[in-house]
Amino acid sequence: MDGLHDMGGKQGWGTVAVDPDEPVFATEWEGRAFAMGAMSGGLSGTNLDAFRHALERLHPMEYLIDGYYGRWLACAELLLVDSGIIPAGAVEARAQKLLGNDVDEPTEAVENKPQYERGGGGSLRQIDAAPGFAVGDKVRARDMHVSGHTRMPSYIRGRDGVVSAIRPAAVLPDATAHFTGEDAQHVYTVDFDSTTLWGPDAEPATLKIDLFESYMEAR
Amino acid sequence: MDGLHDMGGKQGWGTVAVDPDEPVFATEWEGRAFAMGAMSGGLSGTNLDAFRHALERLHPMEYLIDGYYGRWLACAELLLVDSGIIPAGAVEARAQKLLGNDVDEPTEAVENKPQYERGGGGSLRQIDAAPGFAVGDKVRARDMHVSGHTRMPSYIRGRDGVVSAIRPAAVLPDATAHFTGEDAQHVYTVDFDSTTLWGPDAEPATLKIDLFESYMEAR
Amino acid sequence: MTANPLPENRAPAAIRTEALEAILTEKGLVNAGGIDGLINRFVNDVGPMNGARVVAKAWADPEFKERLMSDGTAAVGEFGFSGPQGEHIVVVENSDDTHNVVVCTLCSCYPWPLLGLPPNWYKDPAYRSRVVREPRKLLGEMGLDVAPEKDITVWDSSAENRYFVLPQRPAGTEDLDEEQLAALVTREAMVGVAVVQA
Amino acid sequence: MTANPLPENRAPAAIRTEALEAILTEKGLVNAGGIDGLINRFVNDVGPMNGARVVAKAWADPEFKERLMSDGTAAVGEFGFSGPQGEHIVVVENSDDTHNVVVCTLCSCYPWPLLGLPPNWYKDPAYRSRVVREPRKLLGEMGLDVAPEKDITVWDSSAENRYFVLPQRPAGTEDLDEEQLAALVTREAMVGVAVVQA
């Protein structure tokens, strides 16, 4: 989906500073939010791609306001609510109670985990089909308009590149995030020249990005 | 610039509700922020296009956090600081003082208004050059990568349309926002079919958008 | 925390507004009366009632409608409606074939002299992002089911032309005068997210 | 107010975290020990010191380096480095001709088994947006001036391959052993936003 998360090449985000001594977690809650985020896929019966899509489904304000682990916390809640492990509104209600406010907590949810099969652990798969592209092939990133989850960023959409490596085949996140199957595919590293992406005045650079076979078409 | 403000076709912003009875300003401060925003162009010696570009220059969090009039307030401050009418940090320092906190206010700024000429009031201009395009012409929105202000939204970039009207010529915001001249041009309404923009599965619709001549190329 | 560059204890917008006004007042650059006057103008003098009068006259007076459609700026000028965000008014007419709806995807451009300042929904990112991509679905969510046989045209106000929707006159209003007609016309109908009902 | 859908008096993230943990604990789905264990693992056991050992060995042992470049996953597995976000490790080597830098523009994918959790700058929208468009300028702002004669290659981690930069070994380190070499190698150098200095 064309969401805020799709940040490659966007402008207006300012500068970034490196603090070589920053702690892994700046606060106690960040660590606990991380841990519950990491556990939320298993608890909700979903998967890594659904978690990434949950990040994309957050309203941009929610995405930004409490930083990276704020997103993890919000995604854990979203997946647990989707799967009926906790009721919608339960976290905020409990938080208000912890703050000493007198609020009603929502009644129990009805468990509703997604039903789907996995062809193995992790994301990599062995597939029988021969790769459709070879190293050196000229390709175009397809002009796709996916409203759900996809790992094709918008900044290469419709742009021409060259295959530079064939990587292990893997499940297609566009499918697994929505529990519609695995659709395992070959994955390629494709090289794009910066001027192809950002115009003739672009800083010279090579951009290498991994694309699933169905994201690509021959040129 | 490819900023958050360029919202056409983006996803993840949720739904919108109409309140037919909403007040013009929800709070006292919104009205006063509006008024000072409206005056800030004159006070800073800038212009409407510079104000719109100031909106784009706000960090996305600043753009969102206090809503529309929060943006106007932030833009008024940005233009007034840019032009040396008030020092950077003066607004927050004074606000902290108003909250009863003991802070130092920054010293005076040095006035630094942009120096540029305008060819008249408002944005419309008479120009001698004949229009380069006629109603019915097939055109493409150029694949432009503008880091400053532009009124070409990204969702039509590189897409094909048809000229449906010639509008009054006007100053080019890409120039006036940066005080580099007026570069007045013909302006056209160009029609795009929704499937050209969003793919074959798009909801049927016609999108009409106004483009400056330099944003367009013949097909 | 990443991404939030705002100071953690930043003063609320209300206080920062007060601070800016105080600083500019001390410099003699603004005064409370000027600010109050501008607020008063947009709260009381300019608003959808202007546009509603234009619509009612266009329904009641075919010659005015002709002038309105051929030169919107001049025709609304007959009412004295002009000024910022009204340099070039273009009126687009709804019909049995076509429903028009207006947006500004890049900011929130809007025909101030006819409609006043834009309402929250017009400025909402959800409206700005979705109406150019899924207008029928969005309008449905906003309470307007556009008839399936009607085409939808979306106008993105990307330059200084300001688009104004002339809604269809509802049936059963044959006996109403202009003032009565104007009372039926809503802001939402003049942007194209609603229709006028008798 | 437009655009902000969060309740105005929403509890702070720290309290919402506490609330979620309490609810899941009551349901028997998590316990404090499990959460503490996961935190402890990423605070103390997994981090850039892992990657630094890999780099040092690659510098000191040409045969290991060959294995590392041809099958990164297997080679780092010799150290026992594996697990989530390490399914397929690809090592890319900096040289006098090419400087490599890694990003994940869509989220913040990162080789956890080698580097631990990503630092703030890696997750910052400014890094994610700019390093694919103006890498040389951004790296300069971050303190790394890439020599003008070097090409820059940016790796966007858009699938499950995790890229790891093998930095250039600095001059004057001929007499150091692996442990001493590892102590020079920073997280930043293994992502490509810094170089290793002796």
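Labels for the chains are A, B, C and D, by order of writing; each one numbers its residues from 1.
Keep this in mind: contacts are C-beta pairs under 8 Å (C-beta built on N, C-alpha and C of every residue); 3 or more make two chains touch, one makes a residue touch a chain.
Quantities reported herein were computed from a predicted structural model and do not represent experimental measurements.
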Contact-richer chain pair [A-C vs B-C]:
B-C
Would you kindly tell me how far, in whole Å, the mean C-alpha position of subunit D lies from that of subunit B?
38
Distance in whole angstrom between the CA centres of subunit B and subunit C is 17
Between subunit A and subunit B, what is the gap in Å from one C-alpha centre to the other?
31
Multi-chain contacts in subunit C, i.e. residues touching at least two other chains, fall at 1-5, 120-121, 123-125
Spell out, as numbers or ranges, the residues of subunit A touching 2 or more other chains.
9-11, 13-14, 59-61, 64-68, 70, 198, 202
Mapping chain-to-chain touches, which pattern fits: line, ring, star, complete or other?
complete
Under the definition above, what is the set of subunit C residues touching subunit B in their complex?
3-7, 10-11, 13-24, 27, 29-30, 34-35, 38-39, 42-43, 47, 87-88, 90, 103, 105-108, 116-117, 119-121, 123-130, 132-138, 141-143, 151-161, 186-188, 193-194
Which residues of subunit B touch subunit D in their complex?
13-14, 26, 60, 63-68, 70
Touching residues on subunit B, where the partner in the complex is subunit C:
5-11, 13-20, 22-25, 27-29, 31-36, 38-39, 43, 52, 55, 59-62, 65-70, 73, 76-77, 80, 85-86, 90-99, 122-124, 151-153, 155, 167-168, 170, 187, 189, 194, 197-198, 202-212
So in the complex, which bits of subunit C are touching subunit D?
1-3, 120-121, 123-125
Provide the residue numbers of subunit B that touch subunit A in the complex, in ascending order.
1-4, 9-14, 56-61, 64-65, 143-145, 147, 158, 198-199, 201-202
